[in-house]
Amino acid sequence: MDFTSDNTASCAPEILAALAAANVGAAAAYGADAWTQRLDRAFSEVFEREARVFLVATGTAANAIALASAVPPWGAVLCHREAHIERDECGAPEFYAGGAKLILLDGAHAKIDAAGVEAALTQFSGDPHRVQPAAVSISQASERGVLYTPAEIAAIAAVTHGAGMALHMDGARFASAVAALGRTPAELSWRAGVDLLSFGATKNGAFGAEAIVAFDPRYGEAIARRRKRGGHLLSKSRYAAAQMLAYLEGGLWLKLAARANALALGLGEAARVHLSAPVQTNQVFIRPGAAALAKLRAAGARFYDWDRAGGDEGRLVVAWDQSEADVRAMGALLAAIG
Amino acid sequence: MDFTSDNTASCAPEILAALAAANVGAAAAYGADAWTQRLDRAFSEVFEREARVFLVATGTAANAIALASAVPPWGAVLCHREAHIERDECGAPEFYAGGAKLILLDGAHAKIDAAGVEAALTQFSGDPHRVQPAAVSISQASERGVLYTPAEIAAIAAVTHGAGMALHMDGARFASAVAALGRTPAELSWRAGVDLLSFGATKNGAFGAEAIVAFDPRYGEAIARRRKRGGHLLSKSRYAAAQMLAYLEGGLWLKLAARANALALGLGEAARVHLSAPVQTNQVFIRPGAAALAKLRAAGARFYDWDRAGGDEGRLVVAWDQSEADVRAMGALLAAIG
Amino acid sequence: MDFTSDNTASCAPEILAALAAANVGAAAAYGADAWTQRLDRAFSEVFEREARVFLVATGTAANAIALASAVPPWGAVLCHREAHIERDECGAPEFYAGGAKLILLDGAHAKIDAAGVEAALTQFSGDPHRVQPAAVSISQASERGVLYTPAEIAAIAAVTHGAGMALHMDGARFASAVAALGRTPAELSWRAGVDLLSFGATKNGAFGAEAIVAFDPRYGEAIARRRKRGGHLLSKSRYAAAQMLAYLEGGLWLKLAARANALALGLGEAARVHLSAPVQTNQVFIRPGAAALAKLRAAGARFYDWDRAGGDEGRLVVAWDQSEADVRAMGALLAAIG
Amino acid sequence: MDFTSDNTASCAPEILAALAAANVGAAAAYGADAWTQRLDRAFSEVFEREARVFLVATGTAANAIALASAVPPWGAVLCHREAHIERDECGAPEFYAGGAKLILLDGAHAKIDAAGVEAALTQFSGDPHRVQPAAVSISQASERGVLYTPAEIAAIAAVTHGAGMALHMDGARFASAVAALGRTPAELSWRAGVDLLSFGATKNGAFGAEAIVAFDPRYGEAIARRRKRGGHLLSKSRYAAAQMLAYLEGGLWLKLAARANALALGLGEAARVHLSAPVQTNQVFIRPGAAALAKLRAAGARFYDWDRAGGDEGRLVVAWDQSEADVRAMGALLAAIG
């Protein structure tokens, strides 16, 4: 019963098939191929707005390059203290942005809010000795699997844009959010004020396909250049593009995400009182105490500790391809720790 | 007849099969999977020496991260004026190395030599106002498809190491070199003094699989960290690793490269007097004049201009999957401009 | 009554005289002059240990270059949340260190302690996805004018070195600390475990003279190179060196600092119950409420608000050349707010 | 007889006097003082145009910060192969600009021309794999003491601006140029198309005072921020500003430069046939052969070798305070090698 991460999952057969289908004859290099050329339109349809799409190899690259396109070296990115860009990217945003700074905000379930952004801004206000806030970054779903509503995003966007900043969304699990909220991709992104979206497919069934979606064309030049300099302009771009097209086609991305969400919801019900965050997507956070965590592991469950200091919180991630048997067994274990 | 690049080629069926075979169940993320864990040993066997292997998404990333691990921000990399790291990576080495400098050397057929390195070094010698040479980078095969012999590499390595520098080899087409020279991978790398090798598979039959091979473990920490910060630590590393393992297995890499080399050799014979560089690998450089180039294109041949100033030189690249019909037709065209 | 900063102070006559005295004839450029050549010895005598000294133009440059010499781009500096390097240098450490991160610790009076460092370290422990702690930086005196005892420094140093990190001290007001504590420069630096010291003279009577003092020679090359690249290798270095020599000569630095400390102590006694930090050096922090601060200003006192969120805290800095009349008048005002 | 550099010179008594005069009482920190506040107007008068002036500690800082304000990390600076920014700044421009590249052009006497810029541009033209030319930098006077006429600058500016690039002038010896050409500062800078000027005073009589003059206000924010992050925002800015004001006042800068130019001209006449560059400012380049250079040194002359490979070229720099006796003696020596 492996619930360590959706990064351990396999790749969806539809995506493997698309890869194989793309493997025919020669195709122009560096994104001039037919698959990559279809991406902008495919995303524009899904998002109901013209957008520019830039493939990169990882979500870390998507986040760092997107942010660096909006943040000068003397800029700052406001984000949650537990954000992936702060905790799990070994300083990639600082590297790509030439030494910019992350300003850490608090908030329940790894979410920030408009008031928190506003409060943080008061410390800077043009001070020549301090970095200048230039972007806000939120994760949808959050690092604890919890969602921002369109209204919450819009409120953050209002403060963000009011201060001349850009709003970035880390959507490594954007599919989980769209599937869970029953709102359109547009409502959860640019209509709510998102300027730059890191759009992930890898955790949800691709081999390795991530994209930066720029809703404002002015970021295009910087993204394209930083992508090249970062070593993320793929020579055989067709294969990543084919994955992404298959991922979007016929709503595969939402089908896969919805399944994982539903299974996680079941686990959440089994875990009940031990939940340390509401289960809204494919992640289940529990804090039943260290002894109970040990017991779960002894019974064969695999998952990560979450609260890094304490050791008494665990995170269970349901992958798109998680077996129902696994989920049932895990549910039984959770119910038993009562 | 598309001879623009080996980046336009498809992926070898053996590699596609390996990818599909790896797509079974869960596997640990970020390189802790069984495939990635086998890489160090697989490369150590091929290179007859313990080596550490780091997968990255592109050859640009491999070059930039490898160099940055050996060159401080105030350092310099000596390379040929036409090197890929100088001309085709949009400043990736400078970016990863924090603003280091490339020092450009001349030499026939995009090769440098020991004397050229030695001469360049005399300009620096500890001057506190100048950057400090820290690495030499050579491309095997060179940007003009020409090869360094083990003795030539060893001579460069002697000067390089004598000055306390590291020797890097851009091996985007290392397979072509090994196949052509009939020397072992070891003889063409660490035995001749290479410290860091960018080992490419993408141009020669992979979807997208490149690696940094570090023959000296002291570079490991910096490479691992810079790879992560560059967004090149793949979450589902098994798929890139599976490609690389299939590429090496049973000598597939050399078989594919040898075929392309042989076909290119045939083209070279057809082009005879118009060759602007000896044909030693899978690239054919011709300088028959602008009119002749136009004629070739009118007859359906596709290839890039090479001599960027003049417009009278063309580069034909034979890919691993180039059809024999294409090569025959191209050969006939070349013979006809005679 | 200007108590805004010791940066507003004039320059000591002894230092002006030294500058004038150095202004005779030609002197070798870039630090090869006789004044700069005497610096290492002068500092080594003051610090009772061989040290290498690097002049730079500002304290920000001293801090950033010193830290960058000990911290790789993927490294982190642990410091107090209110540290100058975090709040007042517009990201200079991140810039010089190629995108490193500052990890913010809490602690009374802008001081951190060994336990705080130890607790922060537990979050990192080799995680490949996170930056790696590489240095600890403390300010002596702290940003609130409070001092670290040698024992406190040594305790921090033990944890710092135990984790393979370097200990940096921001000594923009090191003179104030030495004068106040009655301990030797050695006891407050390398004997307590400090590896790198930013040694300031500007706030305490120089025109503009700051130095990085490296007690460990292994940092020398990186400091020298980063100083040059940062544009801080002064062509006419003799003039900065002459200031620094005059500053140290005959204990001028301690005499000037002691005077300011003593006057501040008097202000602290006048402010009594309103002190928000103990007065140990030349800074007085008061929190008498916003109305009282306004009253002080109405009476002619000039000083900065400190607690940036609240607006109810003020900082009074006594400069080396503060007039006794000013201090008496200010003392009377403080006493009057009751 | 020390002719090694104008960096070895002393400081002009007028400037020392101004420093002493500024040393009275408190003055606002970080450039809010009365002296610094007068700078913009003082320069605007000298240059007959509104300009923003940013003091920094060195010419290297001025060049690097100015260029970084106009060049993105993926940009390139076109300059002469012997430019100070290429040879003598240890990669400072690459550091400040986040890994940009310098593209080296040739040209007699360390000058480039419009045709050279135009030719270099043809290699780039939007190629996504190459850095993008973003600025041209020329030195006035050149590294070999030779001058650009207003018409030459304007021709370069036309190509530069036509390609959307900025024109930077390294004016470490701008005073020498203005004094020699008999043209106004305006004619030699913005009227000829210069956007950013590094304006030096240190080599020509100041202790240490350099400035970036921005003729286009759009560069202001980037310069201010990069200056702060580089550690070049001086806390006691009044002292550098006072130097600069005294330097400009009453044309002192031109008087000092004119004297040195005139003396150098005399040396040039003495050296006659051995000149390796025309003597137009305060530098004299001779190539009388290695034996003759040795003879000059044996007779007491001190100067640097210039042609770094050969060792047969020498550079004599006449400082603003060079004694006439020295110049006479040197002239006699030069005449004697005839």
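Letters A, B, C and D mark the chains as written, and numbering starts fresh at 1 in each.
We take it that a contact is a pair of C-beta atoms (placed from the backbone, for glycine too) under 8 Å apart; a residue touches a chain by one contact, two chains touch by 3 or more.
In this text the structure is predicted, and so the values were computed from the model without any measurement.
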item: Interchain contact steps from subunit A to subunit C (minimum; 1 if touching); value: 1
item: Pair of chains joined by more contacts [C-beta pairs], B-C or C-D; value: C-D
item: Separation of subunit B from subunit D, taking each centre as the mean of its C-alpha atoms, in whole Å; value: 41
item: Rounded Å distance, subunit B centre to subunit C centre (Cα mean); value: 50
item: Centroid spacing, where centroids are CA-atom means, of subunit C and subunit D in whole angstrom; value: 34
item: Subunit D: positions in contact with at least two other chains; value: 30, 73-74, 89-91, 95, 98-99, 128-129, 225, 228-229, 233
item: Of subunit C, residues touching subunit D in the complex; value: 2, 4-5, 7-11, 16, 19-20, 23-30, 56-62, 64-65, 89-92, 95, 202-203, 207-208, 225, 228-236, 239-240, 319, 321
item: Residues of subunit A defined as touching subunit C within the complex; value: 73-74, 87-91, 94-102, 104, 119, 122-123, 128-131, 308-309
item: Subunit C-touching residues of subunit B, taken from the complex the two chains share; value: 30, 72-74, 98-99, 128-129, 132, 222, 224-226, 228-229, 233
